[in-house]
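You will see two complexes here that share subunit A, one where it goes with subunit B and one where it goes with subunit C.
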Partner chain A sequence: MATTRILEGLGRLYIFLLLAFLYLPIIIMALMSFNVSPFYQLPFEWTTEWYASLWQNDQLIAATWNSLEIAIITTLISVVLGSAASLALYRYEFRGKKVLQALLFPPIAIPWLITGTAMLIFFFGVGIGRGLFAILLGHVALALPYVIVVVSARLQTFAPELEEAARSLGANQWQVTMRVTLPWIMSGVIAGGLFAFAVSFDQFVVSYFLSTPGQTTLPVEIYAAIRKGFTPEINAVSTIIIVVSMALMLLTARFFKFGGEK
Partner chain B sequence: MAGVQVSNVSRSFGAHKALDDVSIDFADGGFYALLGPSGSGKTTLLRQIAGFDFPDTGRISIGGESVERVPVEKRRIGMVFQNYALFPNMSVADNVAFGLSVRGEAKAMIAAEVQRALDLVQLGKLGGRRPHQLSGGQRQRVALARAIVTKPRVLLLDEPLGALDKALRVDMQIELKRIQREIGITTIFVTHDQEEALTMSDRIGILRDGRLVQEGPPEEIYDRPKSEFAATFLGDANIFRGDSTGNGIRLPDGTAIAAGAGDRLAAGAKASCAVRPERIRIGIDAGALDGDANMLKGQVSKRIFAGNNSTYFVERAGQTLKVIVQNTGADRLAEGQDVVLRWSPESTVLIATS
Partner chain C sequence: MAAQSATASCSGLRSALPLLAPAYLWLTVAIFLPLSAMVFFSFMTDLPLTGKPWAFTLGNYAAFFSQSLYLTLLLASLRLGLEVTLWCIVIGYPAAYVLAKVLKGRSREAIFLLVILPFWSNGLVRIFSWAMVLREGGILDTALNAVLPFKINIDLMYSYPAVIIGLVHSYVPYMVLTCYLTLQAIDDSLIEAGRSLGASRLQVLKRVIIPLSMPGLVAGAALIFVPVVGSFMEPRILGGRTGTFYGTVIEDQFVAVFNWPLGAALSFILLAVVLVILALASPVLRRAA
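Our next item is the complex of A and B:
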């Protein structure tokens, strides 16, 4: 009995250490964003000064809005294109389908540094150059495979007889998709969308390659700010982003669970 | 409502001929079973009639209108799938309403029709449930209500009772037949269950390897099978093989078996005779079984008692014959007993060997 209790205690300790390893740096950073001293000096004194001055930092604010806009548009585009592609891959047999399917997934494994370099060269070559539009295109390209993977996985659980039943009742292709197929894969579409948002919003490497001084995203702007000299405003903005990202990830987890239950 | 004509339909998938020159006339208002082992093409034929797949050659018409190139959504058919295929994201009522709703019918009309259809399948009170809250039999009824609410020209059923347990299946057979009579819809029903085909349908089509082997009323196919396959696939049959004597056969050992007066084949050709196990009388001495022309001697190798009847397996010249005897309280024969079998020429069907 005693050994069981010791093992249980060790198990708890392990979980605690694991969580501490994951979250301690983040918690310290979040705490420091409320500390008076800009140099991580203790004792801790509460202030919201850094949040207030963050509000005055036009460059950071502009970059934040850019990031949000790009992330939202990336999400919308990649969800629509990705879901449509998943449906096409699910429904139709065509020449080269296997090759196409196989080619959709390696981009997830290619390092972003390389993808970013390739995109920079390509966008210059075709005359798009750098800037927010280039960043948006790059993010959509990065996010699409994630959406297709998640939606396709959900479609694997879909019974093709459901579409056949809908057709036998007189539904055209559009009605079948909107009223039968889409409701079934909706949890996958939402999860894919959250992935796409996270890929875009957290994106640094590709954005860094494709941004210009005036047209940049938040992660790139933070990196630039740190190079100029660290200010606790970075802690503040990072804390806000962490809260938003974690909320998104929790939502994703929730939708994945939904997907498993049905 | 409408009849369905399938004329010379063939369909291949690669090198595999799923349907090979099949022609069947499904009469208006009839209840038709397509029976065959798996891979016989019966489901392929049903999907051709539904419009999920088009024939390579041949014609299909519904109510006199050529439809072989019309997609399923425009054919105005109703279909019940093997696993019911109810929409999991919709309530029972919304499932049933689907066909009317995609047509853009008025809400009030839809609600009334859905209620009528649910009442017809005796699920009037369950409209608000979700499919996963229903039993297998209830799902089956919802699928049926959904298929008939749009007033289709023909009702297609793909092994609809296959997923139900035995007792429920018998209930649903009766129920399905009642509903079909009530609305008088032409019904085509795919099954591999011969008993289901016999009890439910007005006509049966037997398929094998993509070909229609025989088609007709259940009694006709059972009593007058045209091939060994039809004889053994629909019910049990003892098959004797030998040379035709014109109106019967002669077995290799010289024993003659006489067939019914109408059965004629050129003498000398290879031929078979089929006899149903329940048509054969069995006894210890030939005298007690007087009267029937066909007689064989054998030995009981096994007896299976099933309450209302017994099945005897009788060994005779290397062949095992099956005889089913009603339980009339008469003496039962022991295993190992030498017996005499007798049956009439009228109980014997002469079949050309292909």
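Our next item is the complex of A and C:
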């Protein structure tokens, strides 16, 4: 049918326009980070000067290291704690299980502005205060629900008979978990870990309220710089961040089907 | 769910506890206790830690209800949330439909990934990237002036439309994702049956497709509306002076004015609004699950 074909063609065009809307600003930002003019003036002249000057910016470099360290530690802690919790929720039946599962949603659904300010008040009140440790505490809490949801989804495809079989062959609980269950859910664990890394590395709001001038992360540093005024240096560091976080998500997609088709 | 009920080992809470405790203790210390502390602090005149005398008060809430400023800003934020959500539906739903029902195979997978990829990248950086496009002498201004025969000045930066554009750009992938999931679950034979019984395309859309994908629409709307009402970074960067909303006022209480008890009260009121919205959306969502 001709009408159908025309409609499908329009549909494809529409998707193309949506992708342009989503990607053009990012591409333009990236291009401007290679442009000579510090006032973003055209015509475009190629330079890597802004990237070179990033290396001289000690504050940014320190913040980058902080971000990476916190993201890596967040990933490790939340993957271990989250996978353990997912296993317990999968294996055992007990009263209040539904409540525990429901409790995973407030950290995801409540706006970070509320969670972040609440953390600030509480950590200040109990003497933890602000700084990198407080940021780490917060990031793990934000990442945990994602890890548990992703690993649990993977566990749904696991056949409990496999654990039974291993047990009847004389394996103890630890051996069953490490040799049978864990290898099966590994792709889920890796995807959960990548999610956790992304949640932490890209986190701005919670870090913002918990940071102090010396102890801060990269997004918080960038926000401060943006509010002082736009410079191509911000474009350069932003371009690096967006490339890193998109690459991470592409990697995650290898381990986790977002579309839920399979 | 079949696997779960098939789990033979019902050793119960005692076996589950050692595995569950670390994760849930962490969540308690970093999420649930802080949220409770916030409620507590919102009834205080001052922080007990500063050494200054403090007392319990309803003054922070009285401030919200007596000064029309806060209520006005909350309404402005709710309106912002509504507008952004509507734009996300208008832009995202057709895209989800094309992805679910028109595209097939590998191209569908690739384009789906491309649509949701930005959503998982850095939100702050994506908002900043719009500054390059929207400012006077920016790309939009330059491009339009190169094409059009007459001179126009496009300076959307630091305006309400700029905030809307940035937020829609940030959240539209969410709508595409949730609508796509419900749309691709609709059996094509239902659509064909409707068509062969003489319904027009529009009728099939109105009577079959939209009702069946409603849970995805509602989920997307809730997931977008809630964070937009609490947004502060986006209005600050793209809205400038015009970007004063409820979220930015809360931010100010904590980083500029240092009136934490008032900030806690304002945060708690926002939390209450958010919970009401999620509760309203939950019947539709539960039907989907």
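Note that the second predicted complex is superposed on the first by the 244 of 262 C-alpha atoms of A that agree within 3 Å, B and C clash if a C-alpha of one lies under 4 Å from a C-alpha of the other, contacts with A are read in each partner's own complex, and residues count from 1 in each chain.
To be clear about the criterion, a contact is a pair of C-beta atoms (placed from the backbone, for glycine too) under 8 Å apart; a residue touches a chain by one contact, two chains touch by 3 or more.
Because the structure is a prediction, the values reported are computed rather than measured.
Novice: For A:Glu164, using the defined touch cut-off, is the partner it touches subunit B, subunit C, both, or neither? Pick first, second, both or neither.
Specialist: both
Novice: I'd like to know which partner A:Leu250 touches here: subunit B for first, subunit C for second, both or neither.
Specialist: Touch status of A:Leu250: second partner only.
Novice: After superposing on the shared chain, does subunit C or subunit B touch more subunit A residues?
Specialist: C
Novice: State whether A:Gly125 touches subunit B only (first), subunit C only (second), both chains, or neither.
Specialist: It touches subunit C, and subunit B stays clear.
Novice: Now for A:Arg179: first (subunit B), second (subunit C), both, or neither, which partner does it touch?
Specialist: Only subunit B is touched by A:Arg179; subunit C is not.
Novice: Can A:Phe21 be said to touch subunit B (first), subunit C (second), both, or neither?
Specialist: Only subunit C is touched by A:Phe21; subunit B is not.
Novice: Where on subunit A do subunit B and subunit C both make contact?
Specialist: Common interface on subunit A, subunit B vs subunit C: 159, 164.
Novice: For the complex, which residues does subunit C have touching subunit A?
Specialist: 1, 3-4, 6-13, 15-17, 19-20, 22-24, 26-27, 29-35, 37-38, 41, 47-49, 91, 94-95, 97-99, 102-103, 109, 111-118, 120-126, 128-133, 135, 137-139, 142, 169, 172-173, 176-177, 180-181, 184, 223, 226-227, 229-233, 236-237, 247, 250-251, 254-255, 260, 263-264, 267, 270-271, 274, 278
Novice: Residues of subunit A touching subunit C in their complex?
Specialist: Touch residues, subunit A against subunit C: 8, 11-12, 14-15, 18-19, 21-26, 28-29, 32, 40-42, 81-82, 84-85, 87-96, 100, 103, 106-107, 109-115, 117-125, 137-138, 140-141, 144-145, 148, 155-160, 164, 198, 202, 204-205, 208-209, 219, 222-223, 226-227, 230, 234-235, 238, 241-242, 245-246, 248-250, 252-253, 258-261.
Novice: Mind listing the subunit A positions that touch subunit B in their complex?
Specialist: By the definition above, subunit A touches subunit B via 159, 161-162, 164-172, 175, 179-180, 183-184, 262.
Novice: Give every residue of subunit B touching subunit A within the complex, in rising order.
Specialist: Contact set of subunit B toward subunit A: 50, 52, 71-74, 76-79, 81-83, 85-89, 98-99, 102-103, 146-147, 150, 156.
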